[in-house]
Amino acid sequence: MLQVENLTVYYKTIRGYVQALEKATFTIADGEIMGLAGESGCGKTTLGHSLIHLRPPMNYIEGRVVLDGREVPVWDMEQMQEFRYRHISLIPQYAMNALNPTRKIGKMIAELLESRGVNFDEVLPELKRRLDLVQLSHDVLKMYPIELSGGMKQRTVMVVSTLLNPSLLIADEITSALDVSTQKAVCEMLVEFRDQGFVKSTIIITHDISILYQIADSILVMYAGQLSEKAPTETIFQDPRHPYTKMLIGSLPKVGVRHQEERLLGIPGSPPRLLNPPAGCRFRERCPVAFDRCVEVPPFLEISPGHSVACWRAY
Amino acid sequence: MLSLERVTKTYRLGAFGLQKLIAVRDVSFEIGERQIVSLIGESGSGKSTIGKLILRLIPITSGKICFEGTDISTLNGQSLKEYYRRVQGVFQDPFASFNPIFKADRIFRMVHDEFYPEMGAREWTEKVEATLRAVGLNPPDVLNKFPHQLSGGQLQRFLVARALLLDIHLLIADEIISMLDASTRVDVLNLLADLKARGLSILFITHDLSLGYYISERAIILYRGRIVEMGPTDKVYNRPLHPYTEMLMEAVPRLDRKWEKEIRVEREGGLAGSEGNGCVYASRCPQAMDICTQEEPDLREAEAGHFVACWAR
Amino acid sequence: MSQEQPKKVRSEFIYFAWRNVKLRIGVSILLAFVLFSIIGPFLAKHDPLEYVGPMGAPPSREYWFGTTTFGQDVFSQFAHGTRSTLLVGLLGGSIGTLVGILVGLIAGYRGGLVDEFLNMITNIILIIPTLAVLIIIAAYLSVRGIFMQSVFIGLTAWPWAARAIRAQTFSLRVREFVDLARMTGRSSLRIVFTEIAPNMMSYLLLVFILQFGGAVLNAATLDFIGLGPTKGTSLGLIMNNAVLWAALQLGQWWWLLPPGAAIAAIVGALYITNVGLDEIFNPKLREM
């Protein structure tokens, strides 16, 4: 179980702080797959990375992170060494293209495990079992990354990242570069890994909300560095309470909807810049139901079990 | 209006160009007046290549592309310019479409210099502003700015406006909303639909099936440089005939229905466009028969207006 | 707020430029030499080639850098020599850069046969030992001036620049904005110079600086082995004469040291400037 309280992370630039993540408070239960959705620049990647690797120019401002009852010192790069990979594992965007091309996959895994003080040979039987599970041949271990297709690389990366059964897996845009058929396989593996108990909680960061609809148990929607809404997936789609969530879901074309019959609407305007953002709710300027109260930051409150929202109109 | 006849594009690879990569093979289709046609395919399907061939940005290997009866490969100099007056394109990456060191409205000045050199500054400014308003932009907000000061959605509208300054009949829209945020995507899609109402034809190139359904009346499904299925959008979507289209419809993450629970790792094919006799999809096809690996199926009309290239149908 | 963005971008450049110590050092040294090359010859009281003073005298109030074995004023030679050395660098570097840009841009943009042809010429000149050719040419010309020397240096130094620019052009020409310009019916030549070249400005500046330094070094080498200008003076020539008349063995360090140190300083400053600029243009190398 992951608990995040008031986590605030800014980027330091020469013109001041970019307020990329403001007072994030949420929990992820054991066995929960949480989708993190939002537009580019909304802070979703910042949130994901700050839980594992908070490096300059990212600056920790305040907040705490508790994983399985243990405080995670996200502000301390050194102390985090113990958590990284073993307890919290991240699959970064483009990870599959970042594999060292001169190392065989097996050697690479061995080196990675050794750096964490784990004996490769002890883990090998489990590694092989998991390769079987994702339908990869054991020969992969003797191959170079270039010999694998995109989907195979992504599956390999997933197996490697979860080999030590981390409590939390953060998957950042792992499907965006894949074809639809491989995309589906990779998504279903995330579910399978959860079902098998390889990981306890999973955060899937993606801009593709339809993928979250398919596999996420809950969805956290972010806007301009603030949390807007978190709820079970069905609730986000059937009964969204934040105006941003409503408009976002409403703007998505679905197969079966044609513009002649049902004209979808986008959200006018664009997100505020996060360098000196306006006070209060940051969605205020684009929000059709904004009123004077919105100059105050709305708290992220639970309005029904598992459904939290930050909007003065929703409480 | 625009017709492609057995269009093929091959690239030569390797030392001395001994290897051939077939990007597009024997592709034939037509775009009629006031039509939005979706060209749908995954990466490596050759969909962008077809767009570039129509825009004469890369030379054709064999086959013919005719616009209003003229073979476009015969155009040059002034006649090519006249072609560009009628046919324009907008591409995937709005930021790469602008020279980063110049102001964004420079693309309009370029159109002025090349196509309307005789038009006075005042008249031209009015025309530009009217066009910007037509694509849903407020001129003072967007003029005289650098590309990085505008959002992706604004830049894509800019590019559509640039095309509209000319007397265009056909717009090639190559993945123009795939890099936009969800909330602005649908506005650009609606803009395309509005252009059609104004008499334009659009070739909408995309990998996203739901977008194709939203705006187009005809859909063409490409797989590794070949058309595997084409027809009216609702038929292709609701009654897909080709196994590849079926797989796409089933695997694509949709908002109207959930995936069936099963892990099925798709067999992955060889190199895109590698030379072979049979059907391009045979190595992945669950319904493949003997003939599929031996002979390539032709595109046949299975029902009125609905074509498929598959031996099993 | 967004109205003032371009000013901000420029001021950001200046901000990083000013903070960059390497650039500050490099540019200061270069400016000092440029300034000296302008006013130095006016400070010099003697004609650099006339025999004006005592023979082989060490530095003194009258002869700041001492005199040569023949009684020529070393400071006068040094002042005029610095001027001509910088001139060779400027002229030779410019020619090398221009030819490199032209060949690189055209080969990169046109591709195909034009590229093959230009590439062939580039490679040929690249593998010919430049110095050997320069020596042969210099040896054949009985009357040699600074101008001719610069031209020859420039004409043999461009190949690596052409190759680098060609590679850059290759990556830029497939960008969408180039396609967009083509769909406006623009001619290839205009596209190359109005769309592609401006995007490489920072890169071209670096090329010029490296060419400048290369030309100074090449000229000094030619002068040093006695194939420099037959009339006039240059830093290399002073060294050539000093070595020829055994200044080192006779302990006349004042004859040899100033031109040697100046050449080293100029070329060194150019390279430091280059590294500094590279750090500024390339945000990845910026130190936060």
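Brief remarks on what is shown
For reference, chains read A, B and C in written order, and residue numbers begin at 1 within each chain.
In the analysis below, a contact is a pair of C-beta atoms (placed from the backbone, for glycine too) under 8 Å apart; a residue touches a chain by one contact, two chains touch by 3 or more.
For clarity, every value in this text was computed on a predicted model and none was experimentally measured.
When the C-beta pairs in contact are tallied for B-C and for A-B, the bigger tally goes to A-B.
Centroid distances built from C-alpha atoms place C farthest away from chain B.
For the pair chain A and chain C, the distance between C-alpha centroids works out to 52 Å.
Taking each chain's centre as the mean of its C-alpha atoms, chain B lies 49 Å from chain C. Distance between chain A and chain B, defined via averaged C-alpha coordinates, is recorded as 32 Å. Chain A makes touch with chain B in their complex at residues 39-40, 134-135, 149, 151-152, 155, 179-185, 187-189, 192, 207-211, 213-214, 237, 247-248, 251-260, 263-267, 270. Only residues 2, 5-6, 175-177, 179-186, 195, 198-199, 201 of chain C touch chain B when the two sit together in their complex. Those residues of chain B that touch chain C in the shared complex are 52, 55, 57, 80-81, 84, 88-89, 91-93, 96-102, 107, 110-111, 114-115, 145-146, 148-149, 159, 162.
Here chain B touches chain A in the complex through residues 42-43, 151, 153-154, 181-187, 189-190, 193, 207, 209-211, 213-215, 233, 237, 247-249, 251-256, 258-259, 261-266, 268, going by the rule given at the top.
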